[in-house]
Structure formats: structure tokens, C-alpha cells
Amino acid sequence: MAGSVFGKNLKISTWGESHGEALGVVIDGFPAGMELNSGDIQKFLDRRKPGTSSVTTSRKESDKVEILSGVFEGRTTGTPISLMVRNTSQRSGDYDNIRNIYRPGHADYCFDEKYGFRDYRGGGRSSGRETIGRVAAGALCSKLLSSMGIEVMAFTRSIGDVCIDESRFDKNCILTSATAMPDAEADKRACEYINMCREQKDSTGGVIECRIKGAPVGIGDPVFDKLDAYLSHAVMSIGAVKAVEIGDGCAVSARKGSQNNDAFESMNGHVQKRTNHSGGILGGMSDGSEIILRAHVKPTPSIFRTQDTVNSEGENVSVNIHGRHDPVVVPRAVVVVECMCAISLLDLMISNMSSRADYITSFYGREKK
Amino acid sequence: MAGSVFGKNLKISTWGESHGEALGVVIDGFPAGMELNSGDIQKFLDRRKPGTSSVTTSRKESDKVEILSGVFEGRTTGTPISLMVRNTSQRSGDYDNIRNIYRPGHADYCFDEKYGFRDYRGGGRSSGRETIGRVAAGALCSKLLSSMGIEVMAFTRSIGDVCIDESRFDKNCILTSATAMPDAEADKRACEYINMCREQKDSTGGVIECRIKGAPVGIGDPVFDKLDAYLSHAVMSIGAVKAVEIGDGCAVSARKGSQNNDAFESMNGHVQKRTNHSGGILGGMSDGSEIILRAHVKPTPSIFRTQDTVNSEGENVSVNIHGRHDPVVVPRAVVVVECMCAISLLDLMISNMSSRADYITSFYGREKK
Amino acid sequence: MAGSVFGKNLKISTWGESHGEALGVVIDGFPAGMELNSGDIQKFLDRRKPGTSSVTTSRKESDKVEILSGVFEGRTTGTPISLMVRNTSQRSGDYDNIRNIYRPGHADYCFDEKYGFRDYRGGGRSSGRETIGRVAAGALCSKLLSSMGIEVMAFTRSIGDVCIDESRFDKNCILTSATAMPDAEADKRACEYINMCREQKDSTGGVIECRIKGAPVGIGDPVFDKLDAYLSHAVMSIGAVKAVEIGDGCAVSARKGSQNNDAFESMNGHVQKRTNHSGGILGGMSDGSEIILRAHVKPTPSIFRTQDTVNSEGENVSVNIHGRHDPVVVPRAVVVVECMCAISLLDLMISNMSSRADYITSFYGREKK
Amino acid sequence: MAGSVFGKNLKISTWGESHGEALGVVIDGFPAGMELNSGDIQKFLDRRKPGTSSVTTSRKESDKVEILSGVFEGRTTGTPISLMVRNTSQRSGDYDNIRNIYRPGHADYCFDEKYGFRDYRGGGRSSGRETIGRVAAGALCSKLLSSMGIEVMAFTRSIGDVCIDESRFDKNCILTSATAMPDAEADKRACEYINMCREQKDSTGGVIECRIKGAPVGIGDPVFDKLDAYLSHAVMSIGAVKAVEIGDGCAVSARKGSQNNDAFESMNGHVQKRTNHSGGILGGMSDGSEIILRAHVKPTPSIFRTQDTVNSEGENVSVNIHGRHDPVVVPRAVVVVECMCAISLLDLMISNMSSRADYITSFYGREKK
């Protein structure tokens, strides 16, 4: 299998199941010398924590991170950084009735077919809790990017039919609104919609957008590891994401070239684009404009209605799902998308450092002095 | 950099520029014993060849493949398969005027920033000709998948606003229509639209869909190498693709869970899904239904209008693009999407062979007899 | 950096420093369905534990393993297996005086040059304790190999000038002798030699041999991932190993072809070799004979004599090393060599499962029934 | 399989069989902007060419390299560099009699077991000609290293019992002597010995040493990708190598710590070691001293005596090998060892460029101006 390691020079290796002992991540290749304390990570983890608003599950998960290695006297050492969060609020009993049943919209059936059996408690490795490791690793990458003036910022663009209005865009609102929308008014309507879904024992999907400001030009390895391909891999690997768009995304397919090309222009010796249909990426490399990505997230498959399905004996049965589930995963997944983008960008920025022979010779020339 | 190698167990390493000596691919890890001749590959390459219809460029490229290694007495040997196509119809002179100019919608500027200079002839490594290596490798993978009853089939879903009608879906039409549409009527209208764009010195985008029938259940490595994440990486790495959807894709974000969940049902002991909103993938693993992916392709950036841009001196200039360019790349990119999906699926199928301890022990138990 | 992940299909990601919170490993790609409890792992860890005999350090390290993920109801689930050992017996004070001093034979200077600073306590990441993760991962691989009748067995071949005598080879002695020698008489003399070294405030090196019985023919990926190249990488990556030999190793360079070639012979339809100079590997693939590897281990650099060196200010100083150090690391490193060989072999055995097209088609043919 | 790709940031993908159309390599990740022409590569290939002296095979192989991609206007572009050598002097008929016979000391039997059949002509992929791709790639790496004042130099240390004398070490002699020995007198004796072996229809082995001067301190990724582990992997992957030593290598196992530790000393503010038992590597990282590696090469298994073996039917038979074979491969393998060391070192030097956070921030800080 070997599908739980991500990255080229920066490798993150996540582990853990929803109802196991703990979850975590090992980050190999993170550079030495960055100041780091658990608070830097905790503040990202708290953004994906449930129970913080009316629109998430009522489960309480403290999700306290422990730094187990790779940090010495407050700085990263260049050796693997191991981060762990203990599971504390698991109620495995909620899952006894689905031990042998394949929930619609979940991976239960696929797990059984692939591995012969599965940890049926809380989705096991396919739980949303799997993203804890991603967020912990992303917190480190975001901190380093931030020190270079690069801002990676994700937010909720829409939930159901409720979409934000760009004219009301308020960045501060992302961290304070229940839905992670940057628009207080849309947030209010989205909350109402979510609560209506919940009352109907139903759930909803939504769209997450990520914008990256300040990235250098030329990041991305042409051909297979294009920046957009790499970001797509990273974001599509988040459970529940069913589509990824870069820049104007799907809209470009119905357009003409004269509408879609972004004219370059020079302003005070600085090259820029007049428009940004490309979403900051041309030929798989960052083009200096804001990088824009959207992820389409499906509605939570765990709904509290009786559903038709089959069991592991191949019999037609009906299933009622118990437990505490978010009626929408979008608000909590925002930080996950942001973190996967930060990890991917930093990894490709490292790769880019050896793109020219003179980068290498001048690096080692300096060294020798 | 190292961005021109793709795959885990099946590694393809593509090389070559539009106006260089040749282009090709080395396939490492392809299994031994499959019958292979150059015709198997040529028939895929011919699908991406230009000059075959009214809606592609008038360039003639014979694109004859040579098998240089890895095949002995008509069968693959298990060692690297090296495939090469010589460039023969290059007119580098067409590019002299853009040597120092950054074409809108192209990667020229990014290349210069990343590498310090670039091969400006025909887009160099960012040319559509780069996909020759992908298609040659995909031809092999498709042949092996086909021998297992797995069919990977891509087609043009829409061009501009002209979309196929499912009720007229005719598979045979894909290989015979000028647009690679499976609907002769839509093909006719699309051709008209393309020709109108061409007359307007403009270009158009479109949507390519790929469907995979017969894939086993459980393919895909949960977490980072989910089947959908892997396919997205592969397809988004094709130049001009700006969005990738799996199954119902973008549509799911506005849906409720009760609408989006696919009920499982058992028919004569066989587990299947009543609907296929998931596009054949749950939790990153194939679920037994048809796998469905859509790629949104931007309009060709090379249009024959005067465009504003900058040159490498940072001066505002206008540019007129010469040469022979497709007014739409979609028809020729269909086989590229199909091939990238075939490569990705086969690679993850190989990975899946060791997902269970008893698979390994029974494989080697058999060996020892 | 990214140097703490090893493997192709079976990826182990180790982490942890000598005086940090804990050490551990994440194993990604281990197949599902193998029975596993902590005892299976503990018994391997106990073989590298210090304080168990007169010839190792007097430090007491309980080194109790915790299984944090990837095991459910006593079986591996196919998802990442996270294993952790807490550090409990660390006396960091022993290292205060070397905070700014580069110990001869140690990596202190290299760490400072590479990373700008270092965790100076107990060697940090270069401590022998780093091997805990390797041994924990190797225990799982050995168990699976063993279920297929494959035995990976390492032992001490020599310490200083004291070498085992093949005629007295007693496998049971490996686990019971203080030196891990399979020869009680040699063990006795080696212990005397070690104690003499200790009294002289000195240390000694030695040779570890690993033999693998029952491996299938054809394991190893020709060219760069030859079985011998892969084993060498794995074993040379263990701190203190300075040479690796396969089969007759160094001796072959002074030999003639007629002396070194192993004649094949057929016995009752079974192909075998009359001799085994090759050490079970030809052309980078296992040849059916016993696989034999030897690792040459340098004497412990931490000796209790005053040594000349420099400090981080570039001044010439003398250093006296404190703490509790093994006068020889060989006996405790035996299980590390064994584990690295088991991991490497299993990884390449997985790789080999897709070497032929008919292996793949028959695997998935079976699946579809 | 996937064993023909080597490297982390610098990936080389070699291909080709002894009697196929051609052999070659694709180098992905080589930095842009280095001047390169075919002469730079040809001069390395000529060092492994046969027929240049009395002690190699009489086969004539012109081995002219073609640069197919990745170079534009005399400089590398940062995109994959494809290099090819056509096979011209193949006499496949020499191998007809071994089509079904397993030659002692060769991989024939292993190939058949692994892949089901094999290209029996000239060893196929296990031919010494496979190293053409390695040498072509190494030529580029050596050129870049050389521009940084780093010299990678391999030579023949011994053939049979004839060893060079350090007091007569003459670097210029390496390229001019028939054996690639840096000692004219030893070369003379070695030639006599080789000719004697040839007359006896026998062959001989030898030792190749590689020394690297001027490498920066700190190269190597601790734990699994230690510089010594990486070099061992690279060198042990060359056919016929059966042992690899770093620094004093095997000799350290019989030594005491007080004899083996290299004292550090400061000379005019420069840290150096008084001795170099470590061979320039401590804790897996370069320590500033000369890096020293030795490879032990087995005698050519193709000897012109009747040998006992089995055929593919499992019958005991005798075999007489025809064709033109080197009585010793050492002189021609010297450049292969040198090239594998150059590739490995450069790859790890690239990896090292991101070892510190401030390296990354200052690199991109510079970029933004």
C-alpha cells in the first residue's frame, strides 16, 4: 500500500485511526533552526476541533498535540519531527451496529474488499480525524512560509446554495465565523441552512477556496509535478473532496482564448498580469499572481435517516447511523485544505532551489568561505 | 527539479522538447511477458497526431515510434522499455519573433524566471508534443488492462457550449469523429463552432471525460494516494487542464447527503450501487461502479490576434503569434487523458497486490512448489 | 533532508532522539491480516536492550513498545502501524561538558556544520537508540517472512581478533551468549577481550554476519535496486558500519574466475549451486542459495581516555567523555542488522510480485470470481 | 520492478540491453544553465570503451553519444536530458548455444525465474553495457562538481594480488595505463598477470578505489540516506561488485577505539582531522576530509573453459562460452564507480541545500528583490 507518506523533499507520514490510541504525523526533511512550540501547532489544530460552534458535531475532542522529537531548545533540529494527539472522547459503542454493514457514501465496503476486514469504529483510517496529522504538519509549513511573507489562506466559499459575496470579503471573519466564511452575512444564512439540514436529518456540502499570496515565480516542476497537479493531488486526497479547480477552473472550458488569456504588463519594471484567470499558475509553475484553488466537498454521508444498503454477508438490509456527526464538514475542513496547500508549496519551493546550476555553485561557494 | 518521472511501481520518465531531436519515454517496472509490437503503440499515437481533421492544426507530424529496449522476440522482458519518436516537421523560424517575448497564457515568463533562460521554440518542454511519451506509455498500460477486461475510454464531452447528449452516446464515434465526441450530431455542431472560432482568430476550450469499466474493487491507497487523488495528479499534470472532477464533481457541493449517497444493493450475491454519484470511488478506493473523471481544458492560448504582453527586458510590447496551432486542443488531448488514467490505475493495481499478508504468503507459497 | 524514510512499497519512517521524549517508527504499506501483539515486537527490542550482560553498558532501558495504530483485534489492518518507546533512563547531565565540543569519531562537528546547531545530549539522532524504530519495524517483517519459511538470522562473527569457528556453530547460542556469537567458546574469549578493552578505557569493533535461508529465487530489482545494493544501503545506514560484504566479499578481488564461479547442478529436478561464493545473489537477484552478508563495525568512539579535539569556537581542546557507553556495540547491533535485512528483503519480495504480466492478470482474474 | 531509476532530486533512468537497438539514460532534475556538449560526455564514455588496450576485450564499440533533449544553445535547460548510444558491434550469434543454458556466475537462471524468460544475448540488461547510461549521467555530474572544485577520482587499486604502491601514486597514470592504475610499475605487473589469466582461459578480479576531494562538510542525510549508505547502494549496484568499504573499511572491526578515532585539530581556524580512518564520513555526513571508498570486483564469470551447469529443462549439462570477453572488468569499471559516486554526491548536495530554515528564507529573500 504505502499511501500514507506524502511529499518529495518534505515527507509527511501520517498515522492513526479514529478510535485507536492516538493519531499523529512524522515530518521528515523539515529544515533546522525554525522556532517552534506546541502553541504554533495547537492553534491550527483548534481550527479543526469539533464542538466549537452550533454547526459542528457536539463531540468534544481536546486534541492536545505533543511534540515527541525533532525540536531542541525551542528550535527544529532538522531531524524528523514527531507529533501526536491522543484520542480521548471515543465512543466505540456507537458503531457496534455497523460492524457488518456497509454505510452508503462511506468506504466500508472498499476496505473489506481491499484488506479483508476493517476497523469499523468511526471510519477507522478514513475518519476525518486522520487529518489531524496533516494539520499538525501544515502548521509548521505555514509558519515557515509566513516568515517569507507568503500567506496561505483558505475559507468557506459556499455551503449548499449559500455563497459568499466578494464585496463583503472580510478576512478576519474566517477565524471567527461558525462556517469559516469571510462574509458575516453569508455565514448567518449558511448557519440557518445547516441547521435546517440537521433538523431534516440531512447534511450538506460546500466549496472551500484557498488563496496563496506572495509565492515566488517559477515554483512547480514542469510536466508531472506541476504546481497545480501537486496541489490537486494534495487536496483531492482529503476525504469528501470530489473536484478541484485552479483559477477560473471549470469555467474555462466554455471560453474563448481571447477571453481567457491574461495579458502581461510591466509596472515600474515589475511583470504582472492584468487579469488572473490562470489562478496564478501557467505551465505548472507559479506566475506571480495570487494562487487560487477551489475544492468541492460532498455532503457528510452519515445522515440520521434509515438507508438501504447491504451487509458483509451480501444481504440487503437497512441501516440507521448513530453517533455524533457534523451536518457539514466544510468549516472544519478549511484548515485541512490550507495545510495541504502549505505543505505542497513549501515542498516544491525546496525542489526549486536546485533548478539552476548557478544556484548550486553559489550556495556551495558561500559555504566554503 | 525531478518532475518528469511519474509513478510508484510503474515509473514513466518522459523527455524531449518540441523542436529538439526527438521525444520519448522510459517505462520502468512494466511487467514481463506481454506481447508488444510497435503497432500497439502507434495506434494510440495516431489518435493524438495533428493534421487528421479539419479542426486540428495543419502541421503534419508522422510521429513514428521506435522501440529501443525492453522487448525481445515480441514480448516485454521486465526491463525498462525505451520508446522514441523523432521530430521531423519542426519549423523553428515560426518562433524567432517570440524569443524574448512572453506569450499570454503560456509558461514563457515562468520558464525564464525558474531556469534563467528557455528553449523558446514551440514551447519547448511545455509543448503539447511532450505528451507523446505519456501516450506511448499509456498504450502499453491500456493493453495490459484490456487483457484483464478493464476498459479505459476517454472522449470529448463538450467544446465551448456544445455538449454531447447521453441518449445519442455512440462509442464507435469517438475514434471516427473529428472532435472525439461519441455523438455525431454534437460533433457536427462542435466542428462548426471550432471553425467559427478559427475564423475569428480565436480558440476554444472543452471538457474531456474518462470512464473506466471493469476495475476491481479496492484499488487506491487510502490517505494520500487515493485513487481519485492519484488520477487528479495525473490528469491535472496535462498542460491546459484547469479542473478535475470525480463522479458528480462540482455538483455535490450544493447537494444534501440524502441526495448524494449511493445506496448499496445486492443482486444475486453481487454488491452494487443503485446510483453512481461517487463516480466509482469511495474513500479513495474503487467501489466497483464505473469510474468517472472529467477534465476541464482551457482554450488554446496561441491565438492569431495582436495581444498585449511584456518582453524579457520588462518592456510593454504587443505580440503576434505565428505558426500552426490547433484552435482547440481537446480532440487531441482525449487520448492523453485516457493514457494518464490507464497508467495511474495500473500502477495502483500493482500496489494493491500486496495489501494483504495472505496475498503475499500465497503468492510465494505457490512459487515454492 | 528527508533521510529518515526507508523503503519502496514498505516504507518505514523512524523518529526520535536519545534524550527526547520518545523514539519510534511508522510503518506504511505493511499488509493487512497478520496477527500481531506487542510481545512480537518486544522480543526483538529486548535483544538490543542494554544492561543485559557484562559486556554492554550498565544503563537500564526498559524500552517498552506501545502499538499506537494499525492493529485492530490483534491483526494488522493495512494502515500505518505506529510504534513508540518512551525514553526513561536519560541522564542528560552526562553531556553538559560536550555541549560545545566535537567528540572524535562522532558526528558532532558534521551536525553543527549541516544544521547550524545540534541536540548534543547522547548523540541526539545519531545515538544508537535511533535503531529502536528499525528493530520494531524489523520484528514485523521477520514475523511475516518466518510464516513463509524464510529465516533471517544475524550473529556476531568476530570481536577484535576473536572469530567464531564454523565447526562449533550453534544457532541457539546466538540468543543466549553475551556477545551474540553462535559459538560458546569464542563467546567466552570475546568477553575476556571486551573486558580487557574496558579496563584499558578502550573499545573494540567486530563483524556481524547475516544469513537468510529460504528466500525465493529472483528477488531483487536488476540495475539500481539489486538485492545486494539494497541490503548494502540498509546495513551501511546503521551507525558504525564501515564495510559490507556479500558472499565471499572482499576475497573475490584476488581470485580467478575458475575459482569463484559457482557451478549449477540439478538434483531431483531442483536447481542448486555446488558452492556459494556468490552469497546467494547473482546479477542482483537471489539465486536460491543462502544469502550471506557481513557488516564490519567500528570500535565505539566513546572511550574514557582524554582525547584531543576542537570545540565549536575552533579552539584546540581536550575532552573527557562521561556517561555509560558500551565498550563494543556489536552484540547489540546484531538484531539491527538482522532487522534491516528483513525489511529490505520483504520490500523487494513485494516488488517482485508484479514482475510478470501473468502474475498481475492471474491475481485479478482470481479476484473477479 | 522499477529498479532502473536512481536518485532523489537528481533521478537517472537508464535503459537498454547489450544486443538491443541502443542504450541510454534520461536525467531528470539536472540544473539549468551548465554548458554541455557531447564531448564532455564522450570523454567519459571512452574510458569504459573496450578494445583500447591489450587487457580488454577485442570487441570494437564506438559508443558515440547522442544528446536528444535537455540542452539548448549549448546549455542544459533544466528539463530532462536524454542521452543515447546505438549498439553497433553486436554478434548475437555468439550466444545461440547458451539460449537455454545457465552460465555459472551469471544471472541467467535468476532472470528466467523472475521474468519467465530472458534476452539471452550478451547478458541482456545485466551486460556491462548497461553502465553506459550511468557513465553518461556521471559525466554531467562530474562536470558540475568540478566547477565547484570537487574532484571525484577513481582508479584501480589492485588486480589479483598486484596492488599499487602509494609511494608511486601518479594521478596522470590513471588515464594512460591499461589497467587504470596510478602506478606504472604495478600496471606493468598487473598486465602480465591478466595476460597469464587469459592464456589460462581464466579471469581475475580486483579492487577499485574512489577518492573525493573538496566536498563540503555535512553532505549526507542522517539515518537511512547517510552519505556512506547512499554511496554503497550506488556502487554495489554495479554488476560484479561484491563488497564496499568506506575509509579503513573492514580493517576497523579488529581495531580498538583509541586506534580508530580521528582526532580533530584546528589549523588557522580551519577544523581538520589528524588522521582519516573514517574515510571522510562521520555519522553518515561528510566530515571535510577526503572521502574514500573501495569496491571489490569479482573475476569475470565468462571464462573459456568447459563448465558444469544446468539448462532451462533442469538437466545437468556442460557449457563452453564463446564471444569476446574481458579477462578482467576492473579497468573499464573504474569510470563507472567514479560516475556513480559523482551522481550520489551531487544528489545529496542538492538535498543538503534545504537543511536549514535560513537557507530557504535567504534563498527566497534574494529572489524577491
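A, B, C and D label the chains in the order they appear, each numbered from 1.
Methods note: contacts are C-beta pairs under 8 Å (C-beta built on N, C-alpha and C of every residue); 3 or more make two chains touch, one makes a residue touch a chain.
All figures in this text were calculated on a predicted structure; none of them were measured in a lab.
Of all chains, C has its CA centroid at the greatest distance from the CA centroid of chain B.
Across the two candidate interfaces, B-D and C-D, the one carrying more C-beta contacts is C-D.
Rounded to a whole number, the gap between the C-alpha centres of chain C and chain D is 26 angstrom. Centroid to centroid, with C-alpha atoms defining each point, chain B and chain C lie 44 Å apart.
Centroid to centroid, with C-alpha atoms defining each point, chain B and chain D lie 37 Å apart.
Looking at chain C, one finds that residues 1-5, 8-9, 14, 29, 31-33, 78-79, 114-116, 125, 222-223, 351, 354-356, 358 touch two or more other chains.
Contacts from chain C toward chain A in the complex involve residues 1-5, 7-11, 13-17, 20-24, 26, 28-29, 31-33, 66-70, 72, 75, 77-82, 84, 114-119, 124-125.
Residues of chain B touching chain A in their complex: 1-6, 8, 14, 102, 104-107, 109-111, 113-116, 125-126, 130, 158, 160-161, 197, 200, 202-207, 217-226, 228-230, 232-234, 236-237, 239, 242-250, 252-266, 269-271, 274, 278-279, 282-288, 296-303, 305, 307-310, 314-316, 351-352, 354-356, 358.
The touching residues of chain A, counted against chain D in their complex, run 8-9, 29, 31-34, 76, 78-79, 144, 147-149, 216, 222, 349-351, 353-361, 363-365, 367-368.
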